[in-house]
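Take this structure, written in structure tokens, and hold onto it; I'll ask about it next.
When the chains are written out, they are named A, B, C and D in that same order, and each has its own residue count from 1.
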Amino acid sequence: MDRNIQVSRLDRQAVEDQEVEIVERKGIGHPDSICDGVAESVSRALSQLYLDRVGKVLHYNTDETQLVAGRAAPAFGGGEVVEPVYILIVGRATKEYDGEQLPVDSTALAAARDYLAEAIPELEYGTDVVVDVKLGEGSGDLQDVFGEETQEVPMANDTSFGVGHAPLTETETIVREAERALNTTYHDDHPELGPDVKIMGKREGDRIDITVAAAMVDAYVDGLDEYDDAVASVREYVDDLAREYTDREVNVDVNTADDYDEGSVYLTVTGTSAEQGDDGSVGRGNRANGLITPNRPMSMEATSGKNPVNHIGKIYNLLSTRVAESVTEEVDGIRDLQVRLLSQIGRPIDEPHVADAQIVTEDGVTLSDIEADVVDIVDRELADVTDVTRSVIEGDVSTF
Amino acid sequence: MDRNIQVSRLDRQAVEDQEVEIVERKGIGHPDSICDGVAESVSRALSQLYLDRVGKVLHYNTDETQLVAGRAAPAFGGGEVVEPVYILIVGRATKEYDGEQLPVDSTALAAARDYLAEAIPELEYGTDVVVDVKLGEGSGDLQDVFGEETQEVPMANDTSFGVGHAPLTETETIVREAERALNTTYHDDHPELGPDVKIMGKREGDRIDITVAAAMVDAYVDGLDEYDDAVASVREYVDDLAREYTDREVNVDVNTADDYDEGSVYLTVTGTSAEQGDDGSVGRGNRANGLITPNRPMSMEATSGKNPVNHIGKIYNLLSTRVAESVTEEVDGIRDLQVRLLSQIGRPIDEPHVADAQIVTEDGVTLSDIEADVVDIVDRELADVTDVTRSVIEGDVSTF
Amino acid sequence: MDRNIQVSRLDRQAVEDQEVEIVERKGIGHPDSICDGVAESVSRALSQLYLDRVGKVLHYNTDETQLVAGRAAPAFGGGEVVEPVYILIVGRATKEYDGEQLPVDSTALAAARDYLAEAIPELEYGTDVVVDVKLGEGSGDLQDVFGEETQEVPMANDTSFGVGHAPLTETETIVREAERALNTTYHDDHPELGPDVKIMGKREGDRIDITVAAAMVDAYVDGLDEYDDAVASVREYVDDLAREYTDREVNVDVNTADDYDEGSVYLTVTGTSAEQGDDGSVGRGNRANGLITPNRPMSMEATSGKNPVNHIGKIYNLLSTRVAESVTEEVDGIRDLQVRLLSQIGRPIDEPHVADAQIVTEDGVTLSDIEADVVDIVDRELADVTDVTRSVIEGDVSTF
Amino acid sequence: MDRNIQVSRLDRQAVEDQEVEIVERKGIGHPDSICDGVAESVSRALSQLYLDRVGKVLHYNTDETQLVAGRAAPAFGGGEVVEPVYILIVGRATKEYDGEQLPVDSTALAAARDYLAEAIPELEYGTDVVVDVKLGEGSGDLQDVFGEETQEVPMANDTSFGVGHAPLTETETIVREAERALNTTYHDDHPELGPDVKIMGKREGDRIDITVAAAMVDAYVDGLDEYDDAVASVREYVDDLAREYTDREVNVDVNTADDYDEGSVYLTVTGTSAEQGDDGSVGRGNRANGLITPNRPMSMEATSGKNPVNHIGKIYNLLSTRVAESVTEEVDGIRDLQVRLLSQIGRPIDEPHVADAQIVTEDGVTLSDIEADVVDIVDRELADVTDVTRSVIEGDVSTF
């Protein structure tokens, strides 16, 4: 089998060595991330529904959730939402199979409800947020695609490409880990921190500036002093966390747009800016690896919500990241690695038009030292492409 | 004070004595009744919100809820909703007062959710039914209307009329009480009976035919035999109940459109036909006294959802019914009574343009025997008109 | 064939002879009438679509259009709509037949657009008014119902009743004809008069009060003086018209709620109150004969938008009116006539459960003089029941 | 004034010299481009409305239009749309200023209608496509932003960055010009070509493959032979056009997914795949320069629909492209240029945090030869930053 795997030198410096680096992550409570999360949870639920009912995943695509912001009146000690957030789940799904009606709309709504309850617990479903659904019928001839009986690798549904890279730079690592830690460990002890945490990292030479915008939840903050403490606590936590990942100079700012004299602070009822004026869409925020990285090539494809069986844009973005991670874990001497997978419509997805690993080696390592190992790993991961689908359906992999 | 109260002979036979009588009641789970119930609960919640926040009821009107039916796949033992019911709450409300934002949208949604949970418990909010809200701003000059400080009687907002009657005929009583009993006492022991119970009563001479259409809930019915038992049980229950109210011949039919051979029975997932194909609107079903009575004059006004402070169509429909009931309770010798209240825009609502009591007396009683008593009672009830508003806000009176 | 036609004395005075009479008509531009008109034009268009494509009318029902009011800023000389009116067409329709997709949504939208352009020409489609559509699928087993090949009379789809009456009283005639003339002849010369004309007639003894609420269109009215002239002109026109139909005392009021000192007048951008705060629904306004007549029994059934082939509530309301008109045209000596048709589910619609003509005769005429003639006419009209369907589809009969 | 302009060597090969290059352009009829176009035309219309009414642009943002695909039944000679496309315009806008209501909703709808009529003429507004609008109120304190009286440069509303590059490679040029020519000159003579033209260019070494997906409009194509001719004609046209821009080997494919034997061809009723199954959103397609260029850094920011006065993400993406173009036009010896502008929230937008020009020089040219000229041009363009705003409002610049 010819997988057309190519290994070459990456014709630029490793991002870690570039003079200026910018990295961003929109936390799970950001309006764009909410859309990504809803779309992906709807997708997972539909895959599961199809597997349960008919033993294979039928045609669907739900990568277009739209969020229209609400209005809120936050207040220390507890305010209220006055106009609900509106979320419209958009896409296509197969609604009937072999004469049986499949509850795709209800399943989509239930998935959105469960996801929101988990991700934005302060946002009450049905009153603070109204979720509606418009799922058209999929085309009849695209319907049978994945299942236990099917042993074959699906064909690519499009000409598309995915790009992944590894290892993460220090700045990338800090931005990603800070958001994750804030929204899990830190939040457990600090309910005043809402899930809409947006982190921007900028590195100039050896100085890293981390800017955090953190929505505070009013019910847990009794006044400006408490608010100020909450902000300081986040700053300190992120500062400590950053130092675990770098020896460079680190500076952390939190909620810099606050103006205490004007009483203008980042206080919310629900922990997300979607409650007041910030709309959101799928695919407008983090890329498949959880980051926005202007220093690196990125795919425009929305990964969240797409059918994980045959939507090649989704699969190749996730797979190229996985390939890059595997290579850098298993092969020494790589300072920066970029993997691109380009599909060709109609070809099996384990046979990309081109699979292209571009490498910046560590000093003292040449490409020829490692080329064979890299090719082997890329080949192995491509052969295992359907495992990406499986992981997505089981929710083992994040798409934003 | 001149209330222009007129008492006259009703120039027809008492309905009880007419040859043919038709009466209908749509139960609380009927799509039209769902809309009435949602609209009225939203109205109550907004009145309460305004009283709580600003001490008086501000301008609003929510008498236009629209229900778009869903799709369901019922099955013995438990089926599922495949496309949710869609309910759109429509109306006007004051969203800001004295610089304070008032959460009218969220309040409306919460009221709808709570009402639906109570009335149609099998219909899961947010997945089996999606509720959305479009409340426009009310006009600024209509905003201050009712409150504790206000001692004055409001002015009529329109030229409109209300009509009430009493006492209920036997057929009317049976139709109304049967639905109520089925949806309370009977349902407590028989969860298989859904709230969408529609009862039609027809009397020809001394024979009363009661036709019941009763939505059964599939999760509580394991097969056709059980279904048949459930139908028989409803028939027997209504038959027994009817005999408490009449000595006439009674015949009860339940779910006559069923066709067991075809497997076509009235089985639902949620207990309402709104789940499959039956749309609904406010004001299309029961009148303010809970019945549809083609033998009697009826108002076209939707009562549910209207502002109970100054919406004269609502107030006069409820008040005329209350007046008719009081008169027949307190004055002997009345076989049939019809009360009409006609407002004049801009006049205090306790001074109707005309308040008109038309009476069929019992044999041996003349109008002049009772006229003075009737006038007194009508006058007293008119004087107490704001108590109707209070009862509505407190939920003590049903509007459909 | 047994049509069970019964003729009896109507046990009350003719409405013309009652002391107090109330009649109302909501003009074609009233929000409720807009909904009726849209629903009925959608219904006609669907019937026509089905006849064109498959030679017979398939299952559909579109009697639930909902209008949510917009916001407008009228101004002498020409203001503007600031928030569009929103109209949601709701119902069921058969979307596929014999493998062919039928464009029911697009057809419904086109029908609504064309109707609105005709009825409310100042309301610009797509910007002043947004029309959306939610048509669910009809049930499969209800689909074949009417067509050229079908020689048979359809079966009633429900137990329902219709009621009609004739002749119209003077007050009824004035109310109906005034609205019609204002919206046609008068409007042709007076573009400042919008289609939202609401007329209330009240007769006490021999005095008739006609109250007209007439929306003026701001682009054709340059100031308060012109407005005042426009109001006076309507008053004079209706006054003249009324005198053609009665010798009783007539008093006409137009736009009585105006307050010139406050600058509060009934000025609109589009000629309908739907532009600012007045919502609307199907079936909440005029009955099938174009009037709201509290002195007479009325059906609660919405006539507009229903399938005219087998929806018995629609057919019997239209047919009972037609029967009443035919009888009073052809038979002398009838002062008031009320026709009731009661269906029985599953029976052919030309064989009602009961067809009941109740008559108040002129002085000197007895029921037995005319009974045979009446029965003949009722029988003839029932035999021709499918002509009602045909007239509705061809748009020859108004439903509101 | 310190603009912090930095010029440096771009640490990679010019894209023109890289081994593999991928470029894509979604034509104006692609569902994502439709959203971009609607959002941007709404934005322009709102800017113009504010300037006309209050002399300055008030706060708004309309970068979230969502398109839900319809259903169509295309057929040679002319098919039909059966379910309309649904477009929801989402965003914030200032609806009232100094007591005056501003018709933002109606203006947005009119702009969308006019844009669609121009861009997708076969898609009939109001029947083939339903457009609705949800514009929330903007925050009060963000409202005064741009106008004739304002001499000052606005402050950045966010920390964001823009990236532009020049000159275009041959492949980029071909992809962009082919779509433009097909949708203008070619379309004028070939109405059968719909506006949904998607072009993918791939260059490997000196071979350029251009893949065109071109939606044909059924009304202008009578059968498969004509269709085949239409496809061949597009292929030939693009082939000729490509050769104007390159001496490399060129290969053009059109509608490669067609299967004539199966009768599966790219035939549409309206010329866009939005009619059948393809949803769309703002910001998911072309970047600000009209291309998707995975070989180059791209901004994730949606440019279309954003307020052009102070939304720095929009301004800097457009400006960085303009700067890059000016520099390469005026300065010789540049093989590839990448300009990045990074804003700092709260600073004047003509004083970026960093303005960074990275250059690959032609052989024989050194950075120091041209550095001073480059700095001058960047400085001049930054000084003229508000001209970007003006151009956007006047529609002189494309955003997608």
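As a convention for this text, a residue touches a chain if its C-beta (ideal position, glycine included) is under 8 Å from a C-beta of that chain, and two chains touch if they have at least 3 such contacts.
All values derive from a computational prediction rather than experimental measurement.
J.: Walk from subunit B over to subunit D along touching chains and report the minimum step count.
T.: Counted as steps through touching chains, the separation is 2.
J.: Looking at C-alpha means, what's the farthest chain from subunit A?
T.: It is C.
J.: Using Cα averages as centroids, what's the distance between subunit B and subunit C in whole Å?
T.: So the centroids are 25 Å from each other.
J.: State, to the nearest whole Å, the distance from the C-alpha centre of subunit C to the C-alpha centre of subunit D.
T.: That gives a centre separation of 51 Å.
J.: In whole angstrom, what separates the CA-based centres of subunit A and subunit C?
T.: 56
J.: Touching at least two other chains at once: which residues of subunit A meet that condition?
T.: Within subunit A, residues 71, 83, 86 contact more than one other chain.
J.: Quick check: in the complex, which residue numbers of subunit C touch subunit D?
T.: That would be residues 71, 73, 80-84, 86, 95, 100-106, 109-110, 113, 125-128, 130-133 of subunit C.
J.: Once bound in the complex, which stretches of subunit D touch subunit A?
T.: So the residues of subunit D in touch with subunit A come to 8, 11-13, 18-20, 22, 61, 63-64, 66, 68-71, 83, 86, 88, 90-92, 134, 136-139, 141, 159, 161, 163, 200, 202, 211, 256-257, 264, 276-277, 279-285, 292, 294-300, 302, 340, 342, 345-346, 354, 356.
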